[in-house]
Structure formats: structure tokens, C-alpha cells
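In the two complexes that follow, subunit A is the common piece, with subunit B as its partner first and subunit C second.
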Partner chain A sequence: MAETEALAIAGSWVAAMLRSSTPLMMVTLGETLTQRVGIVNLGVEGQMLCGACVGFAVAAATGSPVLGFAAGATAGLLLSFVHATLCLGCDANQIGSGIAVFTLGLGLSSYFGRSAIGGKVAGLAPLADNSFADALFVGPILTQLTAIAPFAILVVLIAGLWLYRTRTGLNWRITGESFQTARALGIRPLLVQAQGILVGGLLSGFAGAILSVDYTQTWANEMTKGRGFVAVGLVIVARWNPFLVLPVVLLFGLSEAATLRLQATGLTLSPYLISCLPYLVCLGCVIIVAVREGRIGGMPAELASVFGRRR
Partner chain B sequence: MSAAGSIRIIAIVGGSAAFLIGASIFLAAIGRPPLATLSQMVLYAFGDSYSLSESLVKATPILLCALAVILPARLGLITVGGEGQLYFGALTGTAVVIALPAAPMVVLLPAMLLAGAIGGGAWSGIAGLLRARCNVNETISTLLMNYVAVLLVNYVIYGAWKDPASLGWPATMMFPPAAIVPSVFGTRAHVGLIVGIAAAVVLHISVTHTRWGIALRVLAGNRKVAAMAGFSFVKQTLLVMALGGALAGFAGICETSAIQGRLQAGISVGYGLTGFLVAWLSGQNFLRAIPIAILIGGLIAAGDALQLYSKIPSASATIMQGLLFVAALGASGLAGRGTARHG
Partner chain C sequence: MAQPLVMMSSIRKQFGPVLANDDVSVTVNAGEVLALLGENGAGKSTLMKILYGFYAADAGTIRISGQPVSFSSPREAMAAGIGMVFQQFSLIPALSVLENLLAALPDAPWLQPRGSTKVRAALRWLTRLAPEIDPNRAVRTLSVGERQLVELAKVLNLDARVVILDEPTSVLTPAETERLYGFIKTLTSEGKAVVLITHKLADIAACADHIVVMRGGKIVDEAPARDRTPGSLVEAMVGRGVAGSLPPPSSPPTDVPLLQVRGLSADIQGRKIRDVSFELAPGEILGIAGVSGNGQFTLAESLAGLVPALAGDVVLDGVSIASRVEDGAISGDVAYVPERPLDNAVVADLDLALNLALRDVRQLDFFPDRKAAFRRAHELISRYDIRPPQPTLAASALSGGNLQKLVIARELSGRVRLVIACYPTMGLDVLATQAVYREMFRQATEDACVVWISEELDDLLSYAHRIAVIHAGEIMGITRREAADRRTLGRWMAGHAMIEAA
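Moving on, here comes the complex of A and B:
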């Protein structure tokens, strides 16, 4: 009896963890791929906001969540084009350009998102209907999750296989390690970097749309609450490896699910204090990894000019 | 003319042109006459003494937050933490007012301002310490800490410091008159503006004319050489981060005291981020940041006026800032590259 109860609780925890980490999974994967070609894009936060805003508006207007996801991803892609133009076309500083893209995305989404405030969307249907709710362990997972969570996991695995097992993936990794080598090998590094930024934009916009259409099913100004910046931190924790994005993001999702659960137990701690936890967890992970950096490694060498080298 | 000078002029002209084109396209897209609206914004920003004083009110925290970005940038550090430092400074400064509400002005006002500066400095110093000791990237740590500081302010104004007399509105008690930062020139502009301008001048002289400035330059250029010359990266990182944070924290407690009169949500409308933009537009130069902060303060004040009189949402000012930033980065990048290639 105690065992079944434990399994049921574990099931609902896994469901909550997967639900809250799905948007973060996509934006972290996107930033990982962008950084693998030697570009840092802090604009992911703004791209995510635009993806959430446009995705929500389209899903609300058409009634189709899938169209919403597509529109959100497109919005993220279009905004990341600004970063690509500034960094690659104009030789602008990557950090400066990222903050510019963030500001633009913040302004655009709060300006054009006004009409979407208070709107309603129907998210994707759950994987299974309520008749499965009592099934052991898988019950809560199947009834609370939509197809987007397994889809996101699949995308991460495919991206990892693609990066490490294909010729074009190798070209991307070479570009991130050494611009000069890439050029000598006949790869066009600028083209690869542009692709890296745009793929990151597509995925961050998609992540925003998952957040607004599937997870919260509402739109509010600045609703991403720094998830894009958290993703930039988690990329470092995942050592620029798409496969490691999965466990890192899931652990992070677990801490978020835990905070939601803590609030639900009627704990007298202020919700504002509890909400600090995700940022502190992210910062803590970045610190641990930075202290151990010498032994773990994995940073694409071209990023050193942006992030700076140790001493 | 020097190569750097001509690059700067090309960048300014090109950037302004690109911004005006971008802003016009945006205004046309939302169905407003671009030229008329833009000239109206100039009037709303600097047209009369009231508009000018509102622009200076907005420029004050922006200038202080810009200085908080420029000083670390002189050491090669990129911080985006102005917003968090501003909020944390507001929190620590308010703590003094809550603790000593009946103290006389000669005690309360300096203690409050000092506490605000120390709070901002400490908040920024954490990021500095992490960078110096653990090599944690300061851009990421400051970005994350921004959200934490805002949440901490929410925590106290919804919790322990909430004024029962405010009928459910999340805010502390009104500050006593002894804790109100004095205004200047008989307007809403306050002492923070004078402090910001003075700080910019002092910092400019310090980094251009003292041994400290040399230390920063050498450390930013080559840390091994600097170490041989006896300059410590750890010490200087902590110093510039704490000093910068103190200025942003000072801005936070000034906004709370002089503008809001109590600690409540929304003491800053993205001043930290705007300060980052100003720092970048100034080319990380303390003196140039002063006029640019006033210009951008005018843009934000005009955005508020447009919302009031023309029903254009104030988010349009954020879009304009974004467009300005994109135009400036693009133009200066292109100008620098063109000259490098031909010269």
C-alpha cells in the first residue's frame, strides 16, 4: 500500500518536473547550438518573449496550438536575425547586441501583446484521458503531460546525434573551436554561425510558445521571467553538450516543481522568497561548474574572446 | 582628424540616421505620422521647463546606472546588474528608515543614502567576488541577481514592511519628511542628479589622471603584465564592482525617497537596462554618458507623455530604445570595420 502511494507521488513529481522544464529544454538547447558555433546570444530572453506573445496570439486566434508553436518559433527566428546581422554583418559586440535584441523583444512583446492579455487558448490534449488517471506511476504522467514534452526530448536527442555524428555537425563544432581552421577546411564559418544563431532563435521562440500556449495558457508581460538568461547559465552547466542539456534542465525543473509543491503544502514561507530559488539554483550550478572548470572543460574555443579566459 | 575621431563621427551620423528610419517605420506601422510624432516627442522631452525637469528626473537613475556599467567596463567587465543593484539599494536604504523613523534629518538622510549605496555595492560586490575568486562570468551572475533583488523587494513590501494603513496596496509606510531627498531648482529633479554628474566627473578624472586609472588600463589589457607591475585583478574587480553597484544602489534609494516617497513595486522602469544602453552609446566614457543619459531620459519622459496625451502605450519607448541600441551598435561596428579595412 505504501509502495503504490510512493509510486503515485513519484509519478506526479515526474509530470510536474517535465512540464516545467519543457520550455527551458528548448531554449537551452537552442542557446547550446548557438554557442557551439562560437556565438553568445543574450537576446534569447527577448526572442522567447516574442515567441510566447506571437504564439499565444496565433493559437488564440486560430484555435490551433500547433499553429501557435509554429508562429512563435518563426517570431523567435525573425528576432534572432537582428542578432545575426549585428554580430556577423556589422562586427558588433555580442553581449551588447544580445541586450539590444532583448530590449527590442521586451518592447515589441509588451506593445503588441496588450491585445492578447486575458485571452484564452486551448492547449494540446493530454497524452491520455482521465480513465488512465489511476494507473500506477504513469497515470499522472500521461494525464498531465501533452505531446510537447516527449517531442522536446526527441528534439534534444536528435540535435545531439546530429551535432556529434554527422558531417554538418562536425562543421559546426569546428567553427566554434577555430574560425581559422574552419576556413582552411573550406567551411564558410560566417554562414555556419548565421545558421547557429537562427536555429537558436527558432528554438527560443518555440520555447516561448510552449510556455504561453501549453504550460501557463495565458499571456502576460515579461512572462518568461528571465528563463532565457537562466538558459544561458545552464548552457555552461551542461558544458555545451546537447545530451547533457537533458539532465541539467530536468534537475532544474525538479527544483522548480519542488518549489511549487512547497507552496502547495501551505508552508508559511513567502512565495516571493520561494520564487528566488530557480535563479539561485542556476547561479549555484554555474559557480560549482566554474570552480571545477579546469577539470571538466568543453567550452568552444571561439567563445573565449567573449567569456574571457581564466587569468 | 584622427582615425578614431572619424570613426566616431561616421558612427554617430549613421547610427542616428538608422535610428530615425527604424523609428519612422515603427511609428508608421502602428498608424502614427512618423515625423509629427517624432517632433512631438522632442517637445515632450525638452519643450518647456516642466518637460525638461521630467526628463532630468528620468535621466538621474539612468546616469547613475550607466556609471555602474562604465566603471567595471574599464576593467573589461560587462555587467548588466544595474536593475538589481538599484532594487537592493532601495531595500537596504529603506531598512534604515523603517528602523529609525523618528530620527532627525541630519542623522536619517545620510544614514539612509549610505545604506542604499552600501546595499547596491554589496549586491554588485557579490558578482565581483564570484568573478575574481571563482571565474564566474559577471554578465550571467548580474543578470540572474537582478530577478532575485526584485523578488526580495516584493517579499518585504508584501510581507513584514507592508503598511497596514495602505489598504492592501503593497508598499511600506510613507517616508517621514526627514528621509526625503531634497529636490533641486524648485522642480521634481533631486540631489541624485547632482551626485551623478559629480561622480561622472570625478570618475573621469580618476581613470584618466591617476595611478588607479593606469592599473585599470593595464589590467584590462594584459593581466600577466599587470601582475608583474603589482596590480591585483582580484582587488580591482571587487573595487570597481562595489563602487559601480554603490552608485546604482544610491539611485535606487533616491528614486524610493524623492520620487515614490515609499518603497513599492515598480520603483524602476528598466533604468538598469537603459543605463547599460547609455554606457554602450557613450563608448564607456563617463563624461559622454551625462548628455546621453539626459537624451534617453527625454525619450522615456516623452514616452510617458505620449501615453498620457496621444494614447500610445509606453512600451513604445522600450521599442525605441531597442531600435536605438541596434542602430548604434550596427553603425559603430560598420564604421570601425570600414576604417580598419581601408586604413
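Moving on, here comes the complex of A and C:
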């Protein structure tokens, strides 16, 4: 029946979309929170790589994917500490510091990851075993996805609620809008910014670990393929709003899944061109947002001081 | 007699060479409005910022309800019941009204679901002051008057017993001003003390109980409000007799036009002027009246040659100057005092000496002579009384009035043939206004044409030789001052064009 077939295909698309967007979801959320306190961290790509590398190594050594996630997140956190120290402690330029963190993460992960290349780990168990494989629509979703995808969605929703409905969330937003006002209100803005950077590091390291331990279940040099930088762009598309991170990242994941499917159909178009599709979608989003900028707004005002704060 | 709520005695505060407060003592009583009157820079704000813990006094004591206190930060002052609403609001535009109020609430709950009683508590004053403001609106969508009310609610939320308002009416429309007067009376009737920093006599007449007049950092007069007349207050404020009006400039010696504007049309981002024509003789002052936002900015910019004319021409002494500023041919002949000097006329990060030299920036040497620039700056700064008088200071450090003096000094100190002044006295006090007018009129007596865009109809009617009214980018009519009457000008401002005499 055509209808069941359509549902089955839809199910497998949703599964592919969720699988490929889970790491991106976490890193985009992390960068969103970092930017909400008025700091840009271009080092997320390097933090992701370190998270992927360390997470993979720990998961392979212990056999526990959960320990791998924890280790990856910690690695991202530690690397972001460099960014926090440079930007907040030494008043370094955020762009420069971010790029330094990226190259540092790239180098460290390539060097220490040599021995892990080509290895394999067992990821988390799927949400349901193969007896559900034939269930309509949810079958492919339940058998292909692990607990990490719903967990990531939950994290995004909690982060959104926290940011918009708690006093600490409000303090973060105030810091991101005006450092001076935050100080006048008795918030310690430097502390908040440090927290924002570290949370961003934690989530990007986690995202890297998801990528290596859960998604590809392998480690390769530079395996994040620019996802960290994509996340910096998606933050803008999502207007610095955690709730909007979800649809934006899913749209990106959908176009990425479409890329794989298109290649599988044996399309004669160059695979390099096809794999541009997600970025074209992104570009379209950015243009739409830019055109309607005035009405949408949303950029934390303190981000304007990325190139130097007046004190 | 009841204990005074606040007693500040022998307060002294020095900023560099400037003595901002010199042995000042004031008393604030509960249930009373104290008006601190004075010109820009008289030391009123400084005095109140000391009370608010923003500055530390160099000498003197503060007592609150008889207890000596010393605040090292506004937070300590707030805890003691002192609240201050500044001219520049400390609201965050991107956040909602409610969020701004919650942010300043010391006992705000951690979880803030909308509608919970603790969150509602942040709105208790706002709903009294302005129930029509939706607390979920972003502050950036509010008018200035509404923002001020939010700021006031924020201060009142902290249970302030003394509310200090810094020039509160300078940004308000007349209706909003009336409303604020009402709130001030409500507050005092509830036993709160209000300190009103102002230089407007209307504020005093409307709600002051007690008046302290400051000049040059000292108290020059102090009395209950009913014992003083506006005239005596102005006298105390400016300290040189009644703020005598300047003599009107004499009429131009000749009718031969020096400046001819013919069918000028221009457009700056939708703000258009169409078919503007007039002629000015040397020494003639043309006042341009009109409700602001009717093309004044575009007119000024296009006369100054900064934007290309879409049609028509501006001819100064036989030479077309429209759109010519880039080639430098006319920059020596045209002086332009634009509106909002901080955005349009100075480079905020450069020092005063360089800002004063900007007019000749094309003629500067490759290695500019710093010493000469500083000599000239010293001379201009003392001649135009720019404060603080330090040529090395960045322009951004000057107050609005002094910034305007800086621009006037740069543009009008030399010899020019055309002066374009756009709201040159906006935000200035009486003395600074007179100084600006004097320079403008001096240029006229030296045979320059003056195009003077202003909202001060009374001043235009006293000083301009002719008055034109602009509406929606078109000149509605031009009349000689002697023939002008307010009713006709009002009709023109509302868009009724001059009916051509048969």
C-alpha cells in the first residue's frame, strides 16, 4: 500500500534527520548560551573535536558510552576554559582567542587521536529492539535512534525554560544585553560570562562525543567537518533563542539527511555539490532573517563589543 | 519639628580643577518636593549623585533621619531608601517591562512563572502609575515617557523614601509632563520626599514646595516656592540681572541676493524636500520653522552640500555649491551646525583640539602641527567657555551643551559666507543659548547669510529677518518678521500653504 510505504519512508527520514542533527543541536545550544552572555566563541569546532576524540577514547577503553559522553563533555569544558581565561582574564580579542582555541583543539585531537583512528565502539542501545522494526512510522525511529536524541531535545527545552523563566536566566540575558547595567544591578557579569563560556564548552564537547560515540561510532581526524562553525551560523539563524535552535537545527539535519538519500539514489550530480545543500538552506535562512532583521531582532547587544569593550 | 529625612551638610566635591560642589548644604523633608534649580553644570546632579552613592564627597556629611551615613555605592543608598531616576535610563531595551522590573527587585524569586504572586509583586507600582503599559512589551517599543515611568516604578519597587528625578521633564511631551507632575504629588502625599533636578521654571511652578538654586557649585538662593517669582529665580540662576534679550540684528544693507536656492529637491532615506526656493541677501537671517521631522534635516544637509540635489541648485555668490562638499571648494565658505552634534558633527573619540581642527582637515599638513592645533584649541576653548577646558579630552567626555559650544566654536569662529544651523540651541540653558545666538548674529553682521532651523518660534519671531515654514518637505510660506503672526505661521505648520496675494 502506498500509504504505509510513505509512512515508512517518512519514519526513516525523521530518524535520519534526528540522528544527524543531535550533535549539532547540542553545539548550537552551547554557542547560543555563550553568545547570550555576550561572548562569541569560535573555538567550538576545536572543543567539539576534542570532545569527539576524548569521548571516543574513553568509550573504547571502558566500553561505556555514557562515560565517553561525560569524558567528551569534560574535554570541551577544559578547552573552553582557555577561551574564558584569554577573553575574560587577559581581555584578549574574542575572535583571536576563539581561533586559537580552534587550532589548539584541532592539533591536540589530531595528535592524541592517532592511535584511535579506525577503532570501533559500541554506542548506546537503540530505543527499541528489532521486534519493533515493522511498526508503522515509529519503527525506524525507535530502532535507529538511541536515548541521546530525546535527551538532547529535553536539554534544549530545559535550557530555554531556564533562560526565560528563572532569575539566573534573566541575569544571563541582562549580562548579554549590557555589561554595565548588569554590574549596576549587582550581578557579577564576568562570572556570568565565564559560566556562559564553560557551559558552551561542556555542550560542544558533549556534541563531539555524540558524534564519535553514538553517531559514527568511530574516530577520524577532523571528523566534525566544520559543524562547530555551522553552529555559530545557526545561532544567528535561531536568533539567539534556545527554543528556535530546535527547528533550525532540525531543518539543517533534514537537508543533510536529504543529501545522503540523494546520493543513495544514484543521482549523477557531483556529491560535492549535493553535500552543499544544507549550507544552501542555511544561506537561505540567513538571507530571510537578514531581510526581516528589523522586525525580528534578538541579538544580545553586548555582542557588539566583541571587537573591544569600552571601559 | 519633625526630623528632616535627609540632611547634607558642607558637601564638597572636586573633579580635577573644577569645584563641582563647594560647601553645599541642603535638607530634604518627607512629603515635600525640593526643586534643585540651576543651569547645566551648576552642580545639581553631582550633589544628588553624592547622595545616591554614585560619587563619594570629598568633604561633608550626610544624615538620614538623623543618622550619619556614608554610601560607597548606589546599592547601599538604595537600601537606605534613596532612589534616583537618571536622564539616561538604565533599562535594557531588548527585555520586557516585567523583566526589567524583576531584574532590579532584590527579593525576586528564582523560578519566575508569569502570573505567580511574587512575580506580580514587581508590577505593584507600575500598575498604579501606568496601568495601560503591557508588562510583556519590550522596553524598546515604549515611548520615552513610558520608559521613564517604568524607571520610576523600578525605583519605587525598592521602597524608596527619597526619589530623585534628574531633569525628568526634558524628554517628555507636554501631556506626559502633566502626568508626571500628578505622580510627584501622589508620592509626596504618601510621605515620600521628591528631589526634582531641573532648569525649567515650569517644573517649579507646577510642583515645587521648596527651591534651592545653584550656580557654579554653590547655593545662591534658597526659599519656599511661594516666596519666589520666576523672574527672581532666573536672576539667581544666571546671576547677571534679568536674562536680557539680545538686540535683534539689524536689517541687511542690501537686497542683492548672496544665496539663491532654486527648486531644490533632495531625499535622505525617504525624508524628502521638494522644490525649495528662496534668496538671501548678505547679512540676512532666514528662520525656518516647522514641526520637526518635516524635512528640516534633509534641507540642512542638502544646503550644506552633503547630499546630492535631485533637482534644483544652490548658488552662493554666483557659484553653484549643491553637492559640492566633497571637492572642498566651498568648505571654507559654509559653516554647518547640524542637529545632534555628537552623531553628526564631532568624532567622539578624538580630543577637543583635533575636533576643533576638523574644519580645515583638507588643508592640514601631512604631519599636522600639534602645537599649533593645541594653541588654537586653548584660545577657542577659553573664548567659547567650553568646559572642562582641556584640549586633550575626548569629545565624548563633554556634556551636550559644551559639545554644542565646541561645534559652534569650530564652525562660527572664522569668516564664512553661509551659516546653516539646525536646532543649534536644543538642550542648552539660557546662557549657552544666548552665546550661540550671539555668534550666529555676529556672522550675520559680518555679511554672511544665515539659515536658522529651529523649533523656538518665539526666538525666530524676535531675531530672524524673515521666517519660512516647512511642512512635508515643502516651503509653505515665507514672511518678513514684522508681518509675521503666530496664527498664520501655525496654519502653515499644519500644512496650509500661503495663499498667493492677488
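By definition in this document, the second predicted complex is superposed on the first by the 306 of 311 C-alpha atoms of A that agree within 3 Å, B and C clash if a C-alpha of one lies under 4 Å from a C-alpha of the other, contacts with A are read in each partner's own complex, and residues count from 1 in each chain.
Basically, a contact is a pair of C-beta atoms (placed from the backbone, for glycine too) under 8 Å apart; a residue touches a chain by one contact, two chains touch by 3 or more.
All of these numbers come straight from a predicted model, not from anything done at the bench.
On the superposed subunit A, the two partners subunit B and subunit C both fit, without a clash. With both structures placed on the common chain, the touch criterion links A:R167 to subunit C but leaves subunit B unconnected.
Once the two structures are overlaid on chain A, subunit A sits at the apex of an angle of 80° toward subunit B and subunit C, using CA centres and rounding to a multiple of 10.
When the shared chain is aligned, no partner comes close enough to touch A:A128: not subunit B, not subunit C. Shared-chain residue A:L67: touches no atom of subunit B or subunit C.
Within the superposed three-chain model, A:E177 lies in touch with subunit C and out of touch with subunit B [touch as defined at top]. Looking at the shared chain after the overlay, A:A301 reaches subunit C, while subunit B stays out of its contact range.
Of the two partner chains placed by superposition, only subunit B is touched by A:I99; subunit C is not. When subunit A is checked against subunit B and against subunit C, the one touching more of its residues turns out to be B. The gap separating subunit B from subunit C at its narrowest, counted between C-alpha atoms of the superposed chains, is 6 angstrom.
Taken together, the subunit C residues at the contact with subunit A in this complex read 74-75, 90, 92-95, 99, 102-104, 108-114.
Here subunit B touches subunit A in the complex through residues 30, 76, 78, 80, 130, 134-137, 139-141, 143-148, 151-152, 154-155, 158-159, 223-224, 233, 270, 273, 276-277, 280, 313, 315-323, 325-326, 329-334, 336-337, going by the rule given at the top.
Of all the residues in subunit A, the ones that touch subunit C in their complex are 165-168, 170-171, 173-174, 177-178, 181, 184-186, 297-298, 300-301.
If you check the complex, the residues on subunit A that touch subunit B are 42, 82, 85-86, 89-93, 95-97, 99-108, 110-111, 114, 225-226, 229-230, 232-233, 236, 270, 272-273, 275-276, 279-280, 282-283, 286-287, 290-291, 293, 307-308, 310-311.
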